[in-house]
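The data blocks that follow each hold one structure.
Both of the next two complexes hold subunit A, though its partner changes from subunit B to subunit C.
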Partner chain A sequence: MFSGREVEWDASNRIWSWEKNIVYKGKCKDTGEDVAVKQIPYDSSKGKFEGIHPNLIREVTILRRLSPHQYIVQFHNTFCVNDNKRPLWNIVFEYLSCTLKQLIKQKLDPSNVKRLIYQILSGVAHCHSHSVIHRNLNSESILFEENSRRIKIAGFGLSRSCSIPFGVEEKFLKSYSPGVEAADISYQPPEFLLLSENYSLSSDMWSVGCIFAEMARGDVLFEANSCSVSQLSEIFSVLGTPTEADWAGVTSYIGWEEELEALDYNFTSKDLTLEALKAKVPALDVDGMDLLSQMLTYNPSERITAKKALDHAYFKNLDKTEL
Partner chain B sequence: MKFTKELKDGRRGCINWMLKKAEPGLRDSTVFMAIHMLDKYLSTVKEEVSVDKLKKLRVTCLSISSKTEESNFPSHLWDDGPFSLLDNTEDMSLHKMESEVLEKLDWELCWITPWEFTDYCATKLSSKDYDKGINTIAHSPSVIAVAAVIVGFNLKIADMQYDLEPFNLLNITQGQVQSIVSEYQVEHAMSQGRQRRKGRPQRAPAF
Partner chain C sequence: FAPRKPKCETKKAAPEPDNEDPQLCGPYASDIYAYLRRMEVEPKRRPLPDYMETIQKDVNANMRGVLVDWLVEVSDELKLLPDTLYLSVAYVDKYLSINVITKKKLQLLGVASMFIASKYEEINPPNVDELSDMTYTKEEVIKMEADILKSLKFEMGNPTVRTFLRKFIDVAQGNHKTLQFEFLVS
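Let's look at the complex of A and B:
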């Protein structure tokens, strides 16, 4: 654990920023260990101070629940400093220089794809067993540690706790603000894009599917579009337009528009859908394709869970002692 | 810290206040988390907690839990609402109080309250409205929820004939539930001055 006094950082050494949140590369004064320091200033639109920022409370309490774990970014501490008479909160994490996206750019061979997706699924299963939905899994919120050759899930700023018990019908699911706007649109599941307010852990699995495909093909699976409707049509052009038979209630979501109905990418059989997906991800073998298609299932309640995915035939020849 | 009668009354006052402030607009789970946070804080501190402090605590706990649980930020609670009470001074006391509570709890909030389960269980059995009970920390949340629902629905407690089958998903045993149900029965019988009515109790118990 570090206290505020033991960490120093240079304001010019920014590694990430989003809106007013900034991550700096810093150092622990005593040990010289590199750390990442995330600052979340309180943004009070009314000019009135209203306590600690909700995002900070969510992120820190979630990290306290999940960390330490071999596939979750190590959380060190949170502390408050005085910034022009206003409190400024900081979260201290371990520092990792490489994102999964950078790693994908260097091209991954099939055995590494298998190893990494297994690690990602283990990390996601850990989150899910602690009733945390990540909500923003993408190739930049997953970091890579070069020494241990392990991935670490980070970026819990948008995460929430999910409905308990697991595996209940949609009407029992907690509601959240629809379509997480801040999350990367390329990885958003169709229910986010359709502005569903009731979703659960299965939404993360869609994103994991997108990451899996991205690792295998070396590029983003669904290129980011400017709005949710064009993002949906991008997905439909690969996987077909979902019907009520595939996903009961799909056409009654508020985000469902006539435009989408008219698209009619009509893949009449499941085999044809698999063909279209296979064309996008030619490097995956039969088992890999089967796992991917179970992650990219339209109906959230039919999507494979992280725990089940770990037992999938695709991993049967993976040496689990070397993870 | 000793759990004195004053503190007990104070705690009850806090809970009633939170339940009242939560109507309308806040989720049940938000209030439940706040109650649990208050209990955890009270069980952690060593010094006496004054009435004044309790008043600050109830605002603070509800503020923290609504920040984590609600998807629409309940700004109506601030605009001259109860939260502004703590916030109208220059020294930012809400910020100080939130920091104090979160640090005292080491940033560990109770995410899984019995509440998460009671809604689900009650809906499984009936579409009727049901009364709400208050929790204890001795049992797992799902067991308390099922027990509360069973008592609340006047299922055949004495004969242990209630069926846990609808709750298979929760993976709990009849023994776990029965221990709470019978605990309640004893307490209930005592509170009735041992004049147990022939009919079943109307309200769900306050656990």
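Let's look at the complex of A and C:
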């Protein structure tokens, strides 16, 4: 367990960066333990120095709520250094060298896919029952610990508490607009791409579905597109264009554009959708397909919850003592 | 003034999950409610009931009253969410349970608390300048911001009265009109 207070890190040892956030590999001075140091620049969103970044306040508050937990990245502490007379905040985590994405590249066999998705669902259920919505689940915000062979959910920079109803934040949307963060758009649920206010815990489950499919097929399910309309048509080409019957109100969301209606992906039955999805993820068995299609359900309120997913028939033969 | 300790937890049924509105987190509603209740009664998250007498030397309950009134005004003027206001006051009380503060700095504590609460809760948090009314410099507010965060150990999301109020009104099948009325009552 981490007990040191002082951490040193080497600025050349950058392990990850996202927008202006950078993660360095560091060492605890007292114990010699490897740590990850995430440096978050101060808030200058309005062109002026406005103190600590809102995302950092939320991220640390949320990490303190969720960790320690076997499937959540271990948070150690925060510290502040002086950067041109301005406080520069850092978050110290346990150091994990492997992302889920790297693991997927090495090809996972079906039993490992089952084990890992079960772990991810347990971690997500933990977040959700603590009123935390992650909002940025993808194969790079999930890390893998080689010794325990366990996943750890990380990347809570965009998360927030949902104990009160909330809308999709404008600032948050902007960070996903064309070109800025194309990699993550692959995992965004349709309600998000359509700028619906219907954004809640179930939105994380869409991302989990994308990750599940990615593990089973060895590659991203929905390729990243440069804007939300082409991302939606990418999704529709696999799952069919949603109708008002699937999801009441879908065609009246702000993000719904006429060109989406003109697309010829009007699958007439659920079986056809399943078939198209099956073609994308041939390695999944019948139960796995059923679970996946329940995660990739258009209507957010009909999507399977993490808790329910853990009881799905797909996990019947999983040895839960070895998780 | 003294923030009161909660009475012992009695077994109560959690509010029925609301399946019609996914924003209220349907299937998780009772889990979340139980978790928030556990959090609320944790002693380390609460302010001391008698901090004015035992901790503070320079400030008193009246001054706190004036500060809270001022925060209510500011939040009204800047159209901040009610949650932001409740959180701000909670930060002030928690900070004052741990740190002695001078009269001169009390309002600074209020400003910085509201600054943090807005960042936690609001979609578009106000600038320092909008909040501080020129009484304090930006550097002072930002230094105080860091002090509060350290002192409260970044536990900025504790439930407040307001967190539960909405739940209770939902259970009582109130609508949004009564919701406004309830804010006046609280």
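As a convention for this text, the second predicted complex is superposed on the first by the 289 of 323 C-alpha atoms of A that agree within 3 Å, B and C clash if a C-alpha of one lies under 4 Å from a C-alpha of the other, contacts with A are read in each partner's own complex, and residues count from 1 in each chain.
The criterion applied here is as follows: a residue touches a chain if its C-beta (ideal position, glycine included) is under 8 Å from a C-beta of that chain, and two chains touch if they have at least 3 such contacts.
From a predicted model like this one, the values you see are computed outputs, not experimental measurements.
Novice: Quick one: is A:Thr61 in contact with subunit B, with subunit C, with both, or with neither? Answer first, second, both or neither.
Specialist: A:Thr61 sits against subunit B and subunit C alike.
Novice: According to the stated criteria, A:Gly51 is in contact with first (subunit B), second (subunit C), both, or neither; which is it?
Specialist: Both partners.
Novice: Going by the contact rule stated at the top, is it subunit B or subunit C that touches a larger number of residues on subunit A?
Specialist: Per-residue touch count on subunit A favours C.
Novice: Does subunit B (first) or subunit C (second) touch A:Lys280, or do both, or does neither?
Specialist: neither
Novice: With both complexes superposed on chain A, which partner does A:Lys308 reach: first (subunit B), second (subunit C), both or neither?
Specialist: In the superposed model, A:Lys308 contacts subunit C only, not subunit B.
Novice: Go through the superposed model and pick first if A:Ser131 touches only subunit B, second if only subunit C, both, or neither.
Specialist: Once the two structures are laid over each other on A, A:Ser131 reaches both partners.
Novice: Subunit A residues touched by both subunit B and subunit C?
Specialist: Of subunit A, residues 48-52, 54, 57-58, 60-61, 64-65, 78, 80, 87, 131, 161, 163-167, 197 contact subunit B in one complex and subunit C in the other.
Novice: Using the touch rule from the top, collect the residues of subunit A that touch subunit C in their complex.
Specialist: Residue positions touching the partner: 43, 46, 48-54, 57-58, 60-62, 64-65, 78, 80, 87, 128-131, 161-167, 169-171, 197-198, 200-202, 300-301, 305, 307-308.
Novice: Across the complex, what residues on subunit C touch subunit A?
Specialist: Residues of subunit C touching subunit A: 19-28, 31-32, 35-36, 83, 115-116, 119-120, 123-125, 127-128, 138, 141-142, 145-146, 149, 153-157, 159, 163, 166.
Novice: Can you list the residues on subunit A that touch subunit B in the complex?
Specialist: 48-52, 54, 57-58, 60-61, 64-65, 78, 80, 87, 131, 161, 163-168, 172, 174-177, 197
Novice: Using the touch rule from the top, collect the residues of subunit B that touch subunit A in their complex.
Specialist: Its residues touching subunit A are 29, 63-64, 67-69, 71-73, 78, 83, 87, 92, 94-95, 97-99, 102, 106-109, 111-112, 116-117, 119-120, 123, 141-142, 169-170.
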